[in-house]
Each structure stands twice: as C-alpha cells, then as structure tokens.
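Same chain, two partners: subunit A is paired with subunit B first, then with subunit C.
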Partner chain A sequence: MLRQIFVAAVFVLGTAQPLLADNAVDPNADFKAFREYFTKRFPKVPLNDFVNGPYSMDEGLRNQWKSIEEFPPYEFAVEHGKERFAKPFKNGKTLGDCFPNKGIGIRQNYPYFDTKSGEVITLELALNQCLEANGEKPLDYSSQDMAALTAYMAFTSRGKPFDIKIPNDPRALAAYRSGEQYFYTRRGQLNFSCASCHVQNPGGHIRTEVLAPALGILNAMPIYRSTWENMGTITRRFRTCNSQVRGVPLPGQDVLYRNVEYYLSYMGNGLPISGPSARP
Partner chain B sequence: MTGGGRIARGAMALAMLLAGAALTPPGAQADGQKLAFDRAKGNCLTCHEIKGGPAPGNLGPPLADMKARFPDRKELIAIISDETKRNPLTVMPPFKRNLILNDKEIEVIVDFLQTL
Partner chain C sequence: MRTRTLIRLSVILSVVGLTTAALAASADDFKAALAKAEAANKQAGALKNQWTTTKDELKAAQKAAASGNFDEAVKHANQAEALAKASIAQSKAEETAWTAAIVR
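Now for the complex of A and B:
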C-alpha cells in the first residue's frame, strides 16, 4: 500500500538537471548535450567503451571481466536463442519470417516508432507480436527464453552502431519525451530516478557495486548477470531497478518502459552493439 | 510535592541535561549502528564510509569527524529526514518523508553518528 502511495505521488522534484536543450522536443540537441556530459566527465574513456558500463568506470572490475569473457557466460543463451529462432511454429513459419533480413543483423534498429500503430516497438515486443501473430504462446518478458532470443539477435549485430530513428511525427516525439521524463523522474520509497545513479553517479560505488553510465547502457543488453546467475532482458532490468528503489515495477513492455528504451537507445546512437554481455 | 523532592528532581534534570550533552545513553551506540547498517532501515553503508562498516559505497561523503562537522544535531536530523529540502539534486533518500525511518529511529542514528 505504501509503495503505491510513493509511486502515485510521482515526484515533483527533478533529479539531475535533465540533459535537455529547451522546452520544445529536440532529440538532436538532447543527444548532443547528453553525449557531451559524459565525454566531458570522463575524458579518458574512449567513446565506444561507454557501452561496457561499469567496466569502463573501474579498472579492477574490467580485469575481472576479461577473465569472465574467456568463457562467456551468455554463450549458452546465444546457442539456445539461435535454435529457438530457427525452430518452426505449428504453422511452419519461423521467427525469422517476421523480421527484415530474417532477423539477422537488425538489432541496432530497435526500438523503432511504428507510425501505423502509433507506438514504440522494441525487439522484445516484436518477438512476442510475431509469436502471437503465428498462433504461438507469447513469452514472459523477463524469461530466459526471451533473453536467449534477444541475445542471439544482439549477437548477430555485434559491432554495429545503434541506429534509432525518431521520425518527425508528433507521436514519436511524444513517446521520446515520455521516455526521457520517465528516466529523470524520481520514484520509489528511495526517491531515485534512473538519472540519480546513471547520470549523477556513474562509476560510483553502492556498497561494492559500480554504477554504469547511462550513455550506451542498452547497447550491452541482454546481459548475463553473475548476481542472477542467469540472463536478463531489458524488461527484467527495468523491473528490478524499479523494485530496488522500492517502487512498483510496471508490467513487461508497458508503454513507459518502451518509451524509456526508445530514449536511452537513441542516446546510444552511433555506439556499437556489444550485447549480449556479462555483468557482475 | 515537597521541597526536597523538587530539588531532587531539579538535580536529576540537570544531571540528565549534562549527560545528554556529553554522553550517549548506554546501548544507544549499538542500536544506532544497528539501524544505520540495516539494509531495510538506514542502509547508510550503501553510500557512506562508516567506521565499523564493511564494503561501503562512496556516493556520499565518509561519515567521520561528525561531532566537529555537525555540532548541532538538528542539522543531521534535517539531513536524514529530507535532504532534498537543502539540496534538490541530492540522491540521499528522504528517510522521514518517505517513511523509512521514524523520529525515534533518526534520533538514535544521530546519537550513533555523533560518536563517529
């Protein structure tokens, strides 16, 4: 009950000054301001390295990561995802049939704004839409199966730069702005916004965990987290972050989550897809 | 009320006043530390280095030299209660406003902090 109160009282006080240009929605200007903030704050971090999250912030952690990557813990997920991707539905079609280029090397284009439906379509949503359109059961957005599929698709796009488009459509701009606002709004009993940790305190330690910078934070998804001992989708990470600030997690692929993913992915444009990745 | 009783109470009150100013009531330090280190309560180690606390975070300043830095305990109470009042950009949770700690718990934690 108390949690609902905190969430319902959506948080008047802003957190980090939103890295916005001015009141009109100007993703380009926001992009520049966002990028400049991180590159100025961390002049020694090569631009592409930001996608490595906490490893770009902490040398000791990076060395641990190098050892982990000798036997990448997400490999089994990529294998499983590849199999699942090719497995025919009852109607004979496969997941590849729903996607451009059979789903190979396209991850960097997601999310996109669908002008027909007027919504942001993320990769996770697109996969479930494909399943449902073909009479198959959709996957839980936090499931290992969903993570395996997005791991495989990310893997086929590794190295490709994020290429998120925001069409000059007021609905797309609204979705982008909604995601941006969600990102900067305080929530939960702990009163944190996403920006509290990932814009104000990248590289900071909460106990022994190192906070990742928001720049390029989705480039690495999905992740194998040692803490979880298994894979996590973008949905899973958003939901656990909500829980960790003692807020109420939204249902998987809620419009707000998709809008946040849209905003953050756009901010990562030009940076390489590094997913799937390992994290502590 | 007898005159003697009044004097005794007066003396006791004075003694308590002096005690409060100079000494922490016995057990308060242990309670305060317990509350401060409890993840469901103060959870202070997440962001602050505190003597006796393992693996601290560093988002906030180390909590050391507290009596000298915060001679007025009211300031510490205010910070713990709702630091956003003083600093709207803070990442410190508003422990009282968001019902994480009550007044008594904050007092006990401040007792502990002033021993650091």
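Now for the complex of A and C:
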C-alpha cells in the first residue's frame, strides 16, 4: 500500500512540475526574450527605432515618412487635443485635474494596474473616467476627440521611455497573462493572432502594407493613418485588427483589450514614446 | 394509347410536384435553423470569438426569409451555424495552443 502511494506521489509530482513551470508568469523573462527576438532578427535596426514601426523595416517607406514629418498630419489633432484638454467642464475643473502632473508628460506610465479596482487602467479609460466623474459625457473610444486628447498627451511625453509596472499582486499578473494570451491567440475566420503579423512577420507585406514589429508598436500611438484619412486610437487599432481577420471586434476598452495593451506596453518598456505618429 | 401516355405523364408530374413541395423549406424550418445558428453564435460570443462571416450569413438568412425564400434562408442559417461552430472549435483549440507561439 505504502509503495503504491509512493509511486502515485512520484507520478503526480513528476507530471505537475513541468506544468507549473510552463504556466508560471514571469514578465521579466518574457520581456528579455521578446526584446532579444526582435534585436536578433533585425540586427541593423537601432533599438529605439523599433517604435517607428514599418519605417524601421523598409527604406522606401522611411523616406516617404521623413517627407510626411515635415508637415505632420497629426498636428491638427495635437492642437485640438490641447484645446479640448484645457477646456473647463461645467463644474470649472479640467481634464488635467484628474491626472498626476496635470496630465503633462505622463503618457509613458499608462496603462497601469489599479490595485484598488483590481483592473488595468489605460489612458483612454482614465480620460473617460475623468469625464464621467465630473458629470461630462464619455467619449467614444474610437472617436477623433479621444484620439486628439491622447495625441496631445503623448506629444507631451515624447522621448520619455515607457515605464509600465506590474505590481506584485496576483491580479496584476493575471491581467498581464490574459493580455499575453490574447496577443498570441488565433482568432477570426482567417485564423490570425496579433503575433502572426507583428511577431512572426514584421517587415513582411500584407498586400501593400508593411507589417510593423510588435516591439514598440504602442509607443507610437495614437496614429494618423493615411488609409483612414484621420486619427486612430489604440482601441480603434485593435478593433480594426480584429475585423481584418474576420473577427467581430470587442466593445471599446473591453477587459481583453486593456489587458493586451498592458502586456504589449510592458514589452515596449524602456523604448521612447514617439506618438502621435503617422502611418500609411 | 394516347390516353395511357397522358395518364402516365400526369402521374409522373404529380409525383415530381409532391416531392418538390416536400423538399421546399418552410418558415418553421427556417426558424429552427436560425435558432440553432444563433445559439452557436451566442456560445462563440461568450468565448469572445464571433466571426464577421457568421454575422453576414445570419443577416443573409433573415433577408432571404423576409422575402419568402425559405430554401435560401435555411441554407444561410446552416452556413452560419457551421461558421459559429468553427469559431468555437478555434477557441477551444487555442485555449492551450497559444502558448506554443510565445517568444521564449
């Protein structure tokens, strides 16, 4: 009997350990592996240049971008965002009153994990929470107003390195893991994951588009897309990616979108904020 | 002789007519097919993995039913159900498969 129990215990321990090792969440190890993957695959691309997405991958596009940057198409959004940001609410307060340092130069700290609510707070969500807390109407997460506000806030953070923290809280690690899972999970009728394009095929083409590397991809947000002829928030970008693979997009700021933003932003830690930016 | 041929012909025609009538889908057939498709799509929604093509087929099914073309409506509803089931299968497979893609 004792022998049987011993054999059973050895079996259980023997099979459980690899499972535990495989499921262990280690953001720091993920971060190192992620960065190494891209820097080894594209040894000629300077680390900070990854934030420039397709322009870091394609010389021709890069030259076009340099010309575009002489009269950046997102400039109007930055101006509009600045005005909107300073516009007083009915109660006399402004958006700046909801943020540390009045909202200036803080974009690199978003998203963060809020230990009180136990969830990921993105910049877009924080802006709407601020509006609602002050009796104002929240904005659509894909709207031009939301894009303008985040463009302005990103602009005041340009050059500052992403500094996303994962507190020692099992809920934060679970949110990170959920974001990682969303990033690597195939979905839609075309059976693509985010990683299919932005990890496995950066620099490659889908029709005429050059795929951006996942490393630093959110540092550049929000973006003016020539295809859209206007600005796009992170929410809009995620939703568009979903529909492009024939998946029904999730509602704006769905918990999965926030978690994947948390995961991807953490992967971009240390790289400079370059948003707002322009994309083909 | 001519009468016999006519009788034969009329019998054949009535059999063909009855068979066709039996094969044509009814509003109830459509309702049943739609309910199955919607149930499967709801399940895909709970997994946060609905496909746009399922949605398109459901729309096409309702449009065909509204114009009284139940054969076409059932065809689209069945297609929607098949797509929804495929999206569920994808989600189930990805529950574990995604880890294989992680950059390590």
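Simple rule for what comes next: the second predicted complex is superposed on the first by the 258 of 280 C-alpha atoms of A that agree within 3 Å, B and C clash if a C-alpha of one lies under 4 Å from a C-alpha of the other, contacts with A are read in each partner's own complex, and residues count from 1 in each chain.
One rule holds for everything that comes next: contacts are C-beta pairs under 8 Å (C-beta built on N, C-alpha and C of every residue); 3 or more make two chains touch, one makes a residue touch a chain.
This structure is a prediction, so every number in the text was calculated from the model and none was measured.
With both structures placed on the common chain, the touch criterion links A:143 to neither subunit B nor subunit C.
In the superposition on chain A, A:191 makes contact with both subunit B and subunit C. Residue contacts after overlaying the shared chain place A:208 against subunit B, while subunit C stays out of touching range.
In the superposition on chain A, no contact is made by A:48 with either subunit B or subunit C.
Of the two partner chains placed around the shared chain by superposition, subunit C is the only one that A:37 touches, whereas subunit B remains out of contact.
Across the two superposed structures, the residue set of subunit A contacted by subunit B and also by subunit C is 189, 191, 200. Within the complex formed with subunit A, the subunit B residues making contact are 45-47, 55-59, 84, 88-89, 91, 93-94, 98-100. Within the complex, the subunit A residues that touch subunit C are 22, 30, 33-34, 37, 180-181, 184-189, 191, 193, 195, 199-200, 243, 246-248, 250, 254, 256. Within the complex formed with subunit A, the residues of subunit C that make contact are 45, 48-53, 55, 83, 86-87, 90-91, 94, 97-99, 101-104. Listing the residues of subunit A that touch subunit B in their complex gives 2, 6, 13-17, 189-192, 196-197, 200-201, 204-209.
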